[in-house]
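Chains here go by letter, A, B, C, D and E, matching the order in which they are written, and residues are numbered from 1 within each.
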Amino acid sequence: MNENAKRSQDIKPVVIDIGDGAAIPSRGDRGLVSAWKLSFFFAVATLAYLLIFRPTPYVRLIKFLPDGILVTFQVTIFSILLAIVIGLLTGLGRISRNRAINLVASTYVEIVRGVPLLVQLFYIYYALGQFVKVPDMVAAVVAMSFCYGAYMGEVFRAGILSISHGQTEAARSLGFNRWQTMYYVILPQAWRTILPPVGNEFIALLKDTSLVSILAVSDLLRRGREFASESFLYFETYTMVALIYLIITLILSKLVSIMEERLSRHVTR
Amino acid sequence: MNENAKRSQDIKPVVIDIGDGAAIPSRGDRGLVSAWKLSFFFAVATLAYLLIFRPTPYVRLIKFLPDGILVTFQVTIFSILLAIVIGLLTGLGRISRNRAINLVASTYVEIVRGVPLLVQLFYIYYALGQFVKVPDMVAAVVAMSFCYGAYMGEVFRAGILSISHGQTEAARSLGFNRWQTMYYVILPQAWRTILPPVGNEFIALLKDTSLVSILAVSDLLRRGREFASESFLYFETYTMVALIYLIITLILSKLVSIMEERLSRHVTR
Amino acid sequence: TDATWPPMEFVGPDKEITGFAVDYMKAAGKEAGFTPVFKAVAWDGIFAGLDSGNYDAICSSVSITDERKNAMDFSTPYFKVRQALVVPKASTVKNIDEMKGKTLGAQISTTGHFAIKKVEGIKDKSYDEVGLAFEDLFNGRIDGVVCDDPVAAQYALQNDKYKDALKIATIIEAGDEFYGIAMKKGNTEVLDLVNKGIKAVQDKGIDKELQKKWIGQ
Amino acid sequence: MSPANPIIRVENVSKHFDTVAALSEVDLFVEPGEKVVIIGPSGSGKSTLLRTINRLENITAGSIVVDGFDLYSPHVDINKVRMEVGMVFQSFNLFPHMTVLGNLTIAPIKLKGMTRAEAEAMARRLLEKVGIPDKADVFPVKLSGGQQQRVAIARALAMSPKIMLFDEPTSALDPEMIGEVLDVMAALAREGMTMVVVTHEMGFAREVADRIIFMDGGRIVEEAPPAKFFTAPEHPRTQKFLEQIL
Amino acid sequence: MSPANPIIRVENVSKHFDTVAALSEVDLFVEPGEKVVIIGPSGSGKSTLLRTINRLENITAGSIVVDGFDLYSPHVDINKVRMEVGMVFQSFNLFPHMTVLGNLTIAPIKLKGMTRAEAEAMARRLLEKVGIPDKADVFPVKLSGGQQQRVAIARALAMSPKIMLFDEPTSALDPEMIGEVLDVMAALAREGMTMVVVTHEMGFAREVADRIIFMDGGRIVEEAPPAKFFTAPEHPRTQKFLEQIL
């Protein structure tokens, strides 16, 4: 059968994989770009309205929350840094030809992705707390990055595999060994592909740090819950908390989309 | 410049998007297949070991948890069904040429993906609880499917867009209108692409139902926490809970991978 | 009820909600002619559910405070408690004021949590469940836990795991507290019914029996 | 060149994609039963012109009237018009999730309210006509390119259209299969179907066409009956094009 | 055809991909300074043979000794051997994240411990030699295919290899650029470099090769100096192949 014909008739094996981060308003998706604008405007306007026209309790609330936001960011940033390190090692392990290393890395990914983050948090925080004593912030960061390291590993793996095999062959035939090839040739090219999904994971992680509130880490959500259960102002508190998260993730997803565009423009320098 | 040369030199704009579900052990990824086997064996063996050699407290524990597992599945199944309906509507809305519909659907996606699931759960459960009275199980299902509907919408959108435009043109030129084209031609083809990621979202949702434990819905994790809060056996409890989640998601991800293979084989009937 | 507060109310091995307060209310119900149905709810949203009418009353070791009285109605008190400070066995602390600069844990927005916040210079840490606070204390992440004394004395410290590791340092002198059943403001129908039951239980001395059964004194 | 009673009237039509002018002030009138072949270099607007005739592309300026329906009148039901106009694509575009019979019957059943039995009887007649009566129950992937394209023609014919549009129907085919598709098209022409065909098959154009239209840069540069067109082209652009390809 | 002092000794080499036998019992000896051109139909194993010479492919059976190093000895440092053997690919494979100068200097600096200044001086000499001294500071995407391939040759030469392997170096090029690359290769040949070249450029083969090897089905079917090879091929398979392409 004719090649062209075959191709046009086949149902392509498209793989859909929707990430857990925010919806990145990339330029190709005009609906999302306007939606971003609308959501951002809506969130900021609502926040302003509440603060100006209903200062009680909203002004009191917003004074209560900033240290929670700070903690949220701290946990997010430390976790993502650690997760990137774990992810790089995992990604390299996942593509390693050494069967043992490969199996360890793959099993780590399989197990982490098979257990709910919340359960992992409980486990690492309380269960392992019996054996090693670490401050709660550290435990939270370790638990988050242990989990996200697995996802990040898949990002690194995909990024590395996205570089054409010809690059490896060219480097190896010059005399570079496997690691030199990775370090001088593959990774410097792969980071462009890797950076946007890392940004995306950053946003997903920021959202998931809300789970550490259950470990009694005083993040944004925990602060909100404390305020609500004391003042009984549940509706007001969670409105505020949701708005703040929304504004933060919207800003971050805009930054990621700008980064994506920059990088894709750079491809042709 | 020569076309071939250009293609081989360019860094392709690969888009990496790592889903939140389990790691599906598809046939192309041998490391993951062995990892699946290893993890599954490890999980089942550990469970068996604990039950046989340390019956106290593990046998008591495992008797305590089954109805929690049932609730977890109930919430998951009802939520995924509702999420599929919401997702179909959202997906159609996201590709609609009607600017208003498109904007509504896109904004829904943008907002839902911008707010942590846990905050959404709190919001829908407590804050909206002030206005509408719903049983907690219903609130949990509504909250979960409201959130997952957005992700599912992206799955449907990607699935529909994966069908070549020629199919639409062929149908339209026969005289089918937009909706008939969608119903008779596009969706029946798109479901093959959509089904595996839906399976994946199912697993992700099952894991995320652990969050409803915070709303005191007696799911698997809640049952575990209840057991622990009375017996103070945190390590043992969370070990057991994590093992059960792991076994469930491993089985499900195997099923999804089998489904993926079946479907991709079917492409050529 | 938030069934994570043994021995007052918790989920027993048979997965039924049980405990002192639960038996108490069942007895009260028998006397006053109503049958209480217990529903597990998370503590930090427990008052929200009352407001939205998901349930008629809260029987969850709710201490009667002035702030709470502003937001809801309370039955006649059915139990008297004080706040106990639990610390590791090795600690020499005798008074909560000695804990300045340390971190104390409590269940979120319980009177124990409020008691910590009242003392200047102590860092407070709030948990979803008091058990999680005990676990963190046991693991050395915090320096003490403040909670209602029956929970501390008669339950947590009886547990094999904690028996040799933790002790009550002191009872915090902040006046006695009383548990009451909380109701939505103006819900006099339920209020009267509950009060009638509690009165009957106290008159007949059933409360003493239950106290012996669950608390042991 | 003023037409007597055209079934297709394309008047002064322009079409822009963003900044690209795909069509510039094009006029085209086709008589019932006439066979028009459009040729021209790549990017000259052939496909665009064809696709405006059933409004798969919206035009930027001008007017198009097909079988009496003004395509851009707000009252016209474009789906009705499209039932009158069959279209065959370079890439076949069969519905891969249906058997050949399903491909042929779905539109008549759903759009014309035919019963399944009627539709299937007609479908089998059409398969006979395009020369593959034995393939009724297979799925498209099992067919060769030439067979797929013949099914696509039969599918369009199943709606009993008055006009058939073909956009390079043989360009995606291996050389040995081109003949079988052109034969089917020639047979259709002999039956009196009104046809507008974009193709690079000059043999077909010479034999079947009543008129050949040469396009370049979004304009119709020359039109003439094949005898004249191939032997005495007037426009230098046409001459150059013919030199290259013949 | 027993060799005097071969720098490449391929003896009795076989190579299987799963069930496909890409090479079957191939022998090839190349003298220092010799230029060998390999030709043959697609899939005949030309690339595979070339790639075994620097162990980009592992062989299934046989032995390969390059410049005295047995490639499959456990003691051999394959990276050392590869520094001696330059390779040029059909698809150039320049490093797109480095300038031309970066491409040429990275390996000498990192692998031979050259200083940046030394390496750059040498790189500029090589760019002069391949005819693009002015492109030192641009990135590969800005170059034409022919320029890219010349940079790729210079990059391989920067390691001062004793042997150069070329795998269809001009197949991905537009016709007008093929000449400039072949010229560079011919100049290299005149300087006495040992070269093994897979190519379809018969003119190049005729002029530059000392010996032409014809492969088919994973075997060497015929080898001869170009004069004899093109005028009096012995094997019928060779005759047929030459008929087709000349």
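Things to note:
Following the convention adopted for this analysis, a residue touches a chain if its C-beta (ideal position, glycine included) is under 8 Å from a C-beta of that chain, and two chains touch if they have at least 3 such contacts.
A quick note: this is a predicted structure, and the numbers were derived from the prediction, not measured.
The minimal number of chain-to-chain contact steps leading from subunit C to subunit E is 2. Look at the CA centroids: the one farthest from the centroid of subunit B belongs to E.
Relative to subunit A, the chain whose mean Cα position lies farthest away is D.
Subunit C and subunit D, compared by their mean Cα positions, are separated by 82 Å. Subunit A and subunit D have Cα centroids lying 51 Å from one another. The set of subunit A residues touching two or more other chains comprises 8, 10-11, 126, 130, 164, 166, 189, 214, 225, 228, 234, 268. Among all residues of subunit E, those that touch two or more other chains are 91, 93-94, 96, 141.
Within subunit C, the positions touching two or more other chains are listed as 45, 48, 51, 128, 132, 135. Contact residues of subunit C toward subunit B in the complex are 2-4, 6, 10-13, 15, 40-42, 45, 48-49, 51-54, 128-132, 134-135, 156, 159, 161-162. Interface residues of subunit B facing subunit C in the complex, by the touch rule stated above, are 60, 64, 67, 122, 125-126, 129-131, 133, 135-136, 214-216, 218, 222-223, 225-234. Note for the complex: subunit D touches subunit B at residues 54, 56, 79-80, 82-83, 85-87, 89, 91, 93-97, 106-107, 110-111, 139, 141-142, 152, 155-156, 159. Across the complex, subunit B is touched by residues 8, 10-23, 25, 31-32, 34-36, 38-39, 42, 94, 102-103, 105-107, 109-111, 113-120, 122-123, 126-128, 130, 150-151, 154-155, 158-159, 162-164, 166, 189, 192-194, 196-197, 200-201, 204, 207-208, 210-211, 213-214, 221, 225, 228, 234-235, 237-239, 241-242, 245-246, 249-250, 253, 264, 267-268 of subunit A.
Chain contact summary for the complex, subunit C toward subunit A: residues 43-45, 47-48, 51, 67, 71, 105, 108-109, 125-128, 132-133, 135-136, 138-141.
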